[in-house]
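Here chain A shows up in two complexes: once beside chain B, once beside chain C.
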Partner chain A sequence: MTLHFLHRHVLEDHLAGFETRPNPNHVNVARRPVILSVLAHSGHEAAVAERLAELAGGSVRFCGPGEWLVAGPALLGEELADRLGEIPGASVCDQSDGKVLMAIGGPSARKILAKCVAADLHGDVFAEGQSANMLCCHVASNLARTGADLFEIIVPRSFAGSVFEELMEMGREYALTASFSED
Partner chain B sequence: MASLITCPHCGTRPKEEFTIRGDAAPRRPGSADRDEAWYAYVYIRDNPKGRILEYWHHAGGCRRWLVVDRDNLTHEVFGVVDAADFQRTEAAE
Partner chain C sequence: MTSYRLDAGGAINRAQALSFSFDGRNYKGLQGDTLASALLANDQMLMGRSFKYHRPRGPVTAGSSEPNALLTIGSGARSEPNARATTVELYQGLVAASQNRWPSLKHDIGAVNSLLSPFLGAGFYYKTFMWPAAFWEKLYEPLIRKAAGLGKLALEADPDRYEKAWAHCDLLVIGAGPAGLMAALVAGRAGLRVILADEGFRPGGSLLSESVSVAGLAAVDYAGGLVSELSSLPNVTLMPRTTVFGWYDDMVFGAVERVQKHVASPSPELPVERLWRIVAKRAILASGAEERPLVFGGNDKPGVMTATAARTYLNRYGVAVGGKVAVFTNGGSGYRTAADLAAKGVEVTAVIDARAQSADVAPAGIRVIRNAGVVATNGRHRIDGLLLERAGFEEVIGCDALAMSGGWSPIVHLMCQRGTKPVWSEESQAFLAPNVGNSFVAAGSAAGVETISECLRDGAAKAASLASELGFAAHGANLPDVEGEYDASFAPVWYVPGAKDKAFVDFQNDVAVSDLGAAQREGFRHIEHTKRYTTVGMATDQGKLGNVNTAGIVAAMRGVSPAEIGTTTFRPFYTPVSFGALAGAAQGEHGAPVRTSPLHGWAKKNGASFVEAGLWYRSAWFARDGEKNWRESVDREVLSVRANAGLCDVSTLGKIEIFGAGAAEFLDRIYCNGFLKLPVGKARYGLMLREDGIVFDDGTTSRLGEHHYVMTTTTAYATDVMTHMEFCAQTFWPELDVRFVSVSDQWAQMSLAGPKARIIMSRVVQDDLSDAAFPFLAARAVTLRGGLKARLFRISFSGELAYELAVPAGYGEAVADAIMEAGRDEGICAYGVEALNVLRIEKGFITHNELDGRTTADDVGLGRMMAMQKPDFIGKRLSTRFGLTAADRLQLVGLKPVEPEKQINAGAHLLKEAAKPSLANDQGFVSSACYSPALGSFIALAMLKSGRERVGERIVVWDALRGMEVPADVCAPVFVDAENAKLHV
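== the complex of A and B ==
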């Protein structure tokens, strides 16, 4: 007997078959993102932060003191983990299968997110490149601003369906569409 | 009424992101201390009306324990520090 293990995204049932041409307001669900969590050992917080700031290939997300998430394209997977593993005083753990990454972009992205998070997302407070943990649709998630009208949400896999549905509901009045992105 | 707490790590957030543990004023006795000291530490609490120091856990954010200095009558918040820093200033006294 042969067994075939297929990679199946947790949002497959919410998304597959419903894709339309993207509207200006659109959610891109990364099909196979690489997400690693990095924790600094006690006393090494500043040194690890410094090394992460000059990290090539991954996007670093702030979670809390001495704790980060690093997101990158699937292609970089192992390489990224190796690069992070070289940082002295840091522990790295692969979270790719435990987290779901959704990118929401468009002229109304902030208005939609205003109904999902209770943090101030004005550019003066939450600038481009900034990220933080916050409740998004009642789920503890990490939100990052990757552009003026572009945000990335990282949520635990088991909550992704709930967050996705609520996000789409909130975006309905702005004609929010969604699809998988292949990177 | 909105209760907004400005987390030193995350910024201004709603109270829904936090879990409140309670009074931050009692100090943990030493392991050799008398039972009465332990009894007081574990069970006896003042129930003040007004300014209070409390432990708040930022469960929906940085997941750090914070010490919030606030007025439980007017809900005015006077200051928020990380619990680790609070211990240190307390020890320096």
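== the complex of A and C ==
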């Protein structure tokens, strides 16, 4: 007997009924990203960081000393895990199902996020490519700046519905829309 | 006509009339008006009744320190009590109502209190309503609260939205008057990120209300120019209608922005108020200065107001506060008001100067009476004259308004909120801002500077200095010439002697000089005691107008300097902040983040009722058709698990992935039992202690590889355990090579329990699950039929043959569906945490009901798990101390009621048979209780004094809350399968 199991995104119900045409301020929820925890063992922190800086195909998010999240498209799944697994002194752990990745972009993205996080997101302070763990809508999250007006939030799956709802509420005055993105 | 709108002038839009209502009557105001200025323009001076004596009151200020003109704005659920009419921005359709009066503002029955006022002074309530004691709560207090008090809250739910937000800047400028505007401009031009916040709806501060010319322009136009340059700078954020109300640690300021308080029907897309947390590297307090009222008899009557207020209504709003205005002053401000009024054609009847001489000059033709004092005012709903006393000679002067000026007090509230007291200056005769370091400085009148030109200069200089501290090159602004300034200096007059009516120091709380005297006489001499005894400076007013006068008067009463009296404590908030703003979006279901399990959808479609467990929503039971209550569902689920199989969502347990060559040693130290020899592919129950030897948490840890483990924690302690591990790894044993990360959300985890669990699981998992191939406590990666990778653990929390299957969260619902389908013919059911609880009580397994932060491993019967031969583990040292090893400690036992149908409740206490029910006879308590369908009896786990040696004893379960006493037999804490035969099949 072969069983086929359907994979279900935790925001499936939350996103049902949204308009498909995105407004200038928009949240893209990645449908099947690959997200991996990378932990550097004692004494290997700098070397692992160096290897991560050269990593192709994944975007590296800083979580804390010797700890990162690496996010990439689903297609790269196994390959990314293998590449990371080869880094000496690093342990890798799949979090693709444990984390939800939302990209919020648009001219008002920073204003919306000012209602969600306490960190200063001014470009001089939190530049493109930077990321950090912080509370977002009361939930421990990782926030990264991926463009001038583009940010990615990675939140634990069990909290994703709650964070998503609050993010959309805070975006109401800027007509924030949301949809799944397939990449 | 007494007060009226002038034909010209004022920073108002005469082309834009706005209709509004007050106490049901319709009025017209202008765009740019406050509610107070619009009411005055309509000759409505009477705006409220005082708190205690119900005395008629009108506005005494034109700003946020207003103690009298407190109105209820809006209606129904949107009504807001105690809004200061002097700051409420007028809008089309505004509905306002007066407060604390019945049946009407003009005819208020409560004013009888005023006749009784000789008896109602400070301390009256405490002395009068003493007996009988029980009457206080039941009768006196409700009556007093009904008689006194201000507006009433709407009891309907607030229909509006609120938000909270963060802002960050190099420089926060608080107050957009001359000093603040100039400071922001200098800093903004230098490239600092600047936030300029002002509580008013129009930036400009005193520039809007003073009749000076700046750089050849009217002051108001000059302010407009500054504001438009500031608006053009991308690094400057202007925040009008924003009150900075608090200064907190690490240079975080609290502010509330009134986003939609000035519109009749707020847009649902926007909040009505937004609470800001502003993180500033530096801040400038440019909050200005408050003009002090003079304290004389009848100084609270409608028509008496500060000279600045009269000037502001005149110059900013184009409103004359009276047709015949008298001025009573001890400094230049009174003369300036007289001059401004005269220039606009308003009759000034007299300038009464408390000083014997001064350099101030009144406008030509106006009578100046020096060395005189006002001792009473005439009139009820508005003054119609005043009684003057000069060296024993009394004279009545006709007037319908009285502008008073008692000198200036810098507004230093924010700077004193973190414990530093303001400093008395003999020279300025004022309490000045304390030195709180370089990060937060006062500028302009808040720093004791007097004139507009000096304020502009001070703001520019302070901003330039802060900018250069932050590494910015600041160029001083070109300071403009200011023409027509006046000398605002004054000679203090704390109290005008000879008062023939109450002389108020605190208008809002109805505190008069006589009350301050009573407090001194009766021993409440410290200023904090004086405050509490008299209520001076309390409530929403917080002594903005009255506190400095209070200090001065108390000092004078005691014959000392105000420096010796000091001030009371300044605390946030500067002005009242609504609970809505403080709550922000955290209302109703958004009160806390919601956590849902990956099997939430599965549980829902199987009919689950959910229970909140922390932030989690856990499936509690799964009702089926015909089941009348939760117990029926739970009983069925338990029996079904014992007879066939059940599937339970255990995804909420904490899961921590552990890596490293030092992981085994780490686990061995963090658990009290041994973990060094746990083989790969096996799970082990582990017990963690705190340093003090008390049990911290429990769970299983499985070894998935040589240097790879996965730990489970209880749902409640997932975060605490992770924090504990981080602390131990980072501080105790940094030499151990171990890293870990939470994977609680990665896995959907389900427990399949019951004699038919293996048959069912084998239909889903393709690996060999025979007892030989996958024995009790086996733990390893498996492959589901179809290829999905999963983890399987043969562990049991029910005493039955059981497996916990973990699959990536996104597949959880589909896999649970498949297991239910595979078990349909075997009689599988979904079961929730209630049945889980019954199953574990029947088996004597413990949870945090037993591990309640007071119990040792031995108390709960797990003493043998303590591997004392290990060199060390957390909790080892202190677990042997006296008290934790005493023989009479409470120990875990089982309880069976003598009559099986008699219910035992958790929390009930235990007594020896025939002992008198009292806590002195307490023998322990019930930690967990349930009905056991397997036994057909209520059962319980309990903590009983020396419990293990008392098995067989009959005791009494005493539930004082429910008035129940149930005899029960003490037994071993295992009710089902004590030999563990069912686990090894």
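Going forward, the second predicted complex is superposed on the first by the 177 of 183 C-alpha atoms of A that agree within 3 Å, B and C clash if a C-alpha of one lies under 4 Å from a C-alpha of the other, contacts with A are read in each partner's own complex, and residues count from 1 in each chain.
Just so we're on the same page, contacts are C-beta pairs under 8 Å (C-beta built on N, C-alpha and C of every residue); 3 or more make two chains touch, one makes a residue touch a chain.
All values reported here derive from a predicted model rather than from experimental measurement.
Novice: Now for A:D94: first (chain B), second (chain C), both, or neither, which partner does it touch?
Specialist: A:D94 contacts chain C only, not chain B.
Novice: If we overlay the two complexes on their shared chain A, which of chain B and chain C does A:L3 touch? Say first, second, both or neither.
Specialist: The answer is second: A:L3 touches chain C but not chain B.
Novice: Quick check on the superposed pair: does A:A118 touch chain B, chain C, both, or neither? Answer first, second, both or neither.
Specialist: both
Novice: Please work out whether A:P73 is in contact with chain B alone, chain C alone, both, or neither, and reply first, second, both or neither.
Specialist: Once the two structures are laid over each other on A, A:P73 reaches no partner at all.
Novice: Which holds for A:P24: it touches chain B only (first), chain C only (second), both, or neither?
Specialist: neither
Novice: Kindly classify A:L135 by the partners it touches after superposition: chain B alone (first), chain C alone (second), both, or neither?
Specialist: first
Novice: Does chain A have more residues touched by chain B or by chain C?
Specialist: Touching more of chain A: C.
Novice: Could you list which residues of chain A make contact with chain B in one structure and with chain C in the other?
Specialist: Common interface on chain A, chain B vs chain C: 67, 118-120, 125.
Novice: Using the touch definition up top, name the residues of chain B that touch chain A in the complex.
Specialist: Result: residues 9-14, 16-17, 58-64, 82 of chain B touch chain A.
Novice: Considering only the defined contacts, which chain C positions touch chain A in the complex?
Specialist: Per the touch definition, chain C meets chain A at residues 163-168, 193, 269-271, 277, 279, 585, 590, 592-598, 601, 615-616, 657, 659-660, 708, 734, 737, 739-741, 743-747, 763-764, 784-786, 788, 807-811, 813-815, 818.
Novice: Looking at the complex, which residues from chain A come into contact with chain C?
Specialist: Residues 1-10, 13, 37, 39-42, 66-67, 91, 93-99, 114-115, 117-120, 122, 125, 137-139, 156-159, 161-163, 165-166, 169-170, 172-173.
Novice: With touch defined as at the start, can you tell me which chain A residues reach chain B in the complex?
Specialist: Per the touch definition, chain A meets chain B at residues 63-65, 67, 118-120, 125-126, 132-135, 140.
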